[in-house]
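Just below sit the structures, each encoded as structure tokens.
In what follows, chain A forms one complex with chain B and a second complex with chain C.
Now for the complex of A and B:
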């Protein structure tokens, strides 16, 4: 039943210990060592471990060491910042994130995304950092038998294969969708990732720039480098009059990956929309910014009619595959509903 | 099949035949517990603690008792409970966190014990289905499950009970939707969900009357 290969356990007490004990990212290890027991060199960082253990049990990854991040102080903190923003440690669980009073009151789209992810049992263990860094759920990628493009092979099996859960935007050369619903909300909110290295240097990167399109590099979902650790996510302060919502649609209500998810953040002043973010999840290999929909909303009073137009505009540039064009009307409706939900929240 | 300490040899204490072995094992277990629980690890200085891949002895706190156990780093909590400690009430079905049959409490919160490693539990308290009933009798949720026929084959039941009992701990007066949310991670192939909800609502009422 459990086919995890043996590995050593490294308990790191500091970021630099952890960074030194890890050899690189999961993406690098999977391209180099898919399906085979990794050499002694491979050490992987472990947060909640939900995705990591899944990959290891499926024999997609066999590190010689797991480096535990849970004993490093400070990574579980949620702290208000001087600029009015919020800094969320990467090891905060999805359960805590979804229940945190300040997250719920000031960034409800993020709280909803966290509360809608996975199951209660998983949310009590899975971390925000792990959720953002999880590998895609594409069934070809998850099956050891398919050496797909993302695992260092030559071919994306989904593009002409079973692609009902795959991308409708930017789906060449690899058609995965990004698996994180928290990412959809965070990109809409303009969040930034903090990436620390063994020498104490901290890079701060807008989350939107953190994710990597499949055209840019089909073997990774983000720019995280060997020796870097995601330590926190920073949420910017939002002006009064900002409205937001995150909606997820699965095949069933309970515990499922999204067919589609949408985050909308609207800044309103004098009845007009001053800033609009419309981000589609489970739509592309990265959280997908629906720029045309944002353009429709900007400068307007957000009426039903404008929301209808925004929903249609959100589909601009879509290149659906053989079995996933059902996602087009789904996203169109969800953009409309997310706008309605955001405004109803007041 | 990988080598692991057998239940019988563990029960007979054969792994602890000498005082020297015992104290060495305790030192490793202590270091592991400190390293994974987030407490300062003064004796290790600046070096990260490395354990395994061979089996190491750790101590788990299960249903209120300290339980020394030998585990490899790759041993999940579910495997340690079932195979090393004989607590087979916790079931493993999917082994991927997708069915929640293996649900136990970690410091009172329901988790999938198949997706957590035994070595990372540290000083936190594990409660299994064996710890749900008390000397006074079954937990009200257990009694209500029996009365409402909330199970057929019973394989999902220990996990279901842990989730429903945890719900009542944090929410003494839930409604049906709260119960549905609490069991949203559980798969029951017999389709007993409506009975599980009814049983949990009744157990909540019974508990409120008692307190």
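Now for the complex of A and C:
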């Protein structure tokens, strides 16, 4: 049995209470390495707890206090906004997100991503906020035995090691893939994160800027600071004629992570593509925007031929590692299929 | 030998159920029951009876080893090596020993003693302790300081074969093999890390190849598969003044009892081994294990019961695994398909242990006069392998059954037709016929001929497994005065349902319903039962159960005969009554017959006699029946040629196990075998980091098992194969049902995409690679 370290349980009633109690982020705590019992951490936020408990059971994290967000009112709301967008509370579960009528009709790519993640049991507990803020699944990162670069060490074990599930883009100095499939869809949709602090200040940040490349900082996946709460995700209104899809391909369909996932959002007018977002998940340390693929699509009528070109262009800039070059043909096919699924949705 | 026991002659039904039964005459021991008619004429045997403990399982009432609690129970934990190869210079346990919760502590590695102080894989036990709580044990474990002097290591099969590779073993530490030849014969030469070969020669293979019109050559690889029992390896050891009692999740209560008696110098009478519910065992729970021994040592030291239950990571790295193999096959054939020569060379690795051969598929599945095989074990710095469901023959069939398909293609013969020509087994011939009809084999297209991105394919493969029997297997049946009946044996139900089958066999004899039989098993207080490995449990324990029940019935009939004033042999047991043959209205209730007993209970103990007509081979307590077990499986797959995803859509498994005793439970075994084979074919793989020697996927998240959405439609067709070999004529199913699945899938994948993949597992990367779709960078 892995035995967790004892910790105190703090039930926060308001956002400011939670923010005041959240004196550290998981990323910071895991870099400060203290002894065999695992890095000590101070007050750590807990949403569904899926990722957090995993880290604690593996002795990667030993928080002194867990600050539970569940009792804070309002964080589970999904509301339409005046500008026509949608505001989704950070504590909305993936299960609810995937079934929500508004999400399914207006942002089906997000519903796809939510419904395709993990397993029904996990989706019933996992929250959107926690999903976006979960830590990577790199197997060196997840094992106490390896103090790798992302945990404050000197060395990335994956780049020259077992990297079959690692990044094919922007994979230096750390080659994780971002773990969230919801993030792939949200970045494609142009979503923004809402971050609140203990004093009631609220910051809005496009998700794409919220995530941090490994080149910029290999020890964190996002810019969340200690004392900040992610309160909601805001989806912008989308013009009529926007088509979208999210596809995930795992090695298995049951209980598994993606080998590759792709979100495509296309704004069509008069048969031509006015705006294109092609985002690859499980491809890079952050949701990866396939700019060259977007360029291929822009201003064109999306024929089979164009789709084929876009699929190939999506791989531009890839730097596969020793054991993951199979992801290239996989992504190429998935970009085409996501496009086809988006258009078929009508 | 003692004087032969009296015999009598009996005539048994014989043959495959389908084509009308013949008869065979056998000499049988005089104290064994008369021949059992075919299943169609029976009341309980051969019927799909529900598991006797099914309700207890689904309601959680059944007790697994980890559920066992005793007053003052301590929690044991094992400190494991962090290094793949090192000499332990020092172990400082002073802080741990002072931890207030710690009650016992032992060193496995003793610095200064070269043999014990050398660790040879990550996860090897270094020390163990027992404490008053699991948390205290964990805390104390972390207080132990170990200093390692690292040694060079090698964790990969091909690299370990190189003459310059770091040496895993020295002449003292090297395992020596077993006299019985399993997992490896003793006294074979060792060069570097390579031990062997174990050879088999028949005829003259050089001449055979010279006679061949076609020579096929192929290399095949299999990966390490871990057991992944749902229930972990667990033990509660209770060393007391009266003796040692051990609760353990085991496939062999009686064997563990012997191991304990020997290891701790106790008489057998002072050792008791108990198991109730078990959550699976595929070979790794056959013996006491290092964790089991440690629990006993700790219990003796603390004078208190100690529990050790492995966590999932320990399960993955140090509870045994299916060894990885590489093999090269050469097969010579004439144009008509007849085989002229088979040559096999294999290298496998069971980590620091032995037993990585590829079995007897190459030399025994097909008729061939000239055979030359050489199998080598290669040591690497990884956790020990052990027997796992169909050991040897699973990788063996992966190679041979693909090679035969490749040969068929070279000869422009249908794979089924080729097998009809070279496979001597009438049972498998029938199985091929049935399966081919089910899957509409004639409509199978040429390799890769399916148009479109997702290509479908159909393939098949065959299984070969010895019909094993344990001679040292006994069972007691008791009828009590109130009409209740017990069946008792130390045999364990590891999830296969042997308890239910025992109840059926006894009920059939006594004319009762199986629910009326109380099954008391999994405890060495009862007569010693067989192990649950080698697919031998049912074959070994059901004949003595039937014999004992029959002997009990004879006693009852004698009492009833007096009361009914007829001769005992005029009576029979049926539908809860003892009745006069041909005069069903004359008789008495079974309960009224037992009420006549002079004592509270009439009992008989019977043990497994030799198969009627003799065994093919006997090794100590074990023996092999005349006729092998087989099975033929057909797989239908869909391969996405753009993503490399293989989906198995349907598996038709046509299996035989002698007389099927409970088709429902057998089907469940076959489902398990097929799923395990599918999971092995597509997903599972122990991945070891080459730089640190540590398994990077020691959990069930990154070590992938097939889940519910990967489960194909599985159709099981069961043959009834009567041979009149024992009181029940039943043999095993667990392993034969696991052997053909992976090669059947591989042959189907080839049929789908027209490219052969000879290495496992068939991941998207492997499929895309085979299709030539991999390239570096864009």
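One rule holds in what follows: the second predicted complex is superposed on the first by the 336 of 346 C-alpha atoms of A that agree within 3 Å, B and C clash if a C-alpha of one lies under 4 Å from a C-alpha of the other, contacts with A are read in each partner's own complex, and residues count from 1 in each chain.
By definition in this document, a residue touches a chain if its C-beta (ideal position, glycine included) is under 8 Å from a C-beta of that chain, and two chains touch if they have at least 3 such contacts.
Quick caveat: nothing in here was measured; it's all calculated off a predicted structure.
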item: Which of chain B and chain C A:125 touches, first, second, both or neither; value: first
item: First, second, both or neither for A:206, with chain B first and chain C second; value: neither
item: First, second, both or neither for A:11, with chain B first and chain C second; value: first
item: First, second, both or neither for A:249, with chain B first and chain C second; value: second
item: Partner chain(s) touched by A:317 [first = chain B, second = chain C, both, neither]; value: second
item: Partner chain(s) touched by A:152 [first = chain B, second = chain C, both, neither]; value: neither
item: Touching partner for A:236 - first (chain B), second (chain C), both, neither; value: neither
item: Doubly contacted chain A residues - partners chain C and chain B; value: 1-2, 253-255
item: Chain B residues touching chain A - in the complex, by the definition given at the top; value: 2, 31-32, 35-41, 44, 46-53, 72-74, 76, 79, 92, 95-98, 100, 103, 106, 109-112, 115-117, 119-120, 163, 180-182, 184-186
item: Contact footprint of chain A on chain C as seen in their complex; value: 82, 134-135, 137-139, 142, 309, 311, 313, 642-645, 683, 687, 689-692, 694, 696-697, 701-702, 704, 706-710, 763-765, 768-769, 773-778
item: Residues on chain A engaged by chain B in the complex (per definition of touch); value: 1-2, 4-13, 17-18, 20-21, 49-50, 53-54, 56-57, 64-68, 70-71, 73, 95, 118-122, 124-125, 253-255
item: Contact footprint of chain C on chain A as seen in their complex; value: 1-3, 36-37, 137, 139-140, 143, 145-146, 157, 160-162, 164-165, 249, 251-256, 259, 312, 315-320, 323-326, 328-330, 332-334
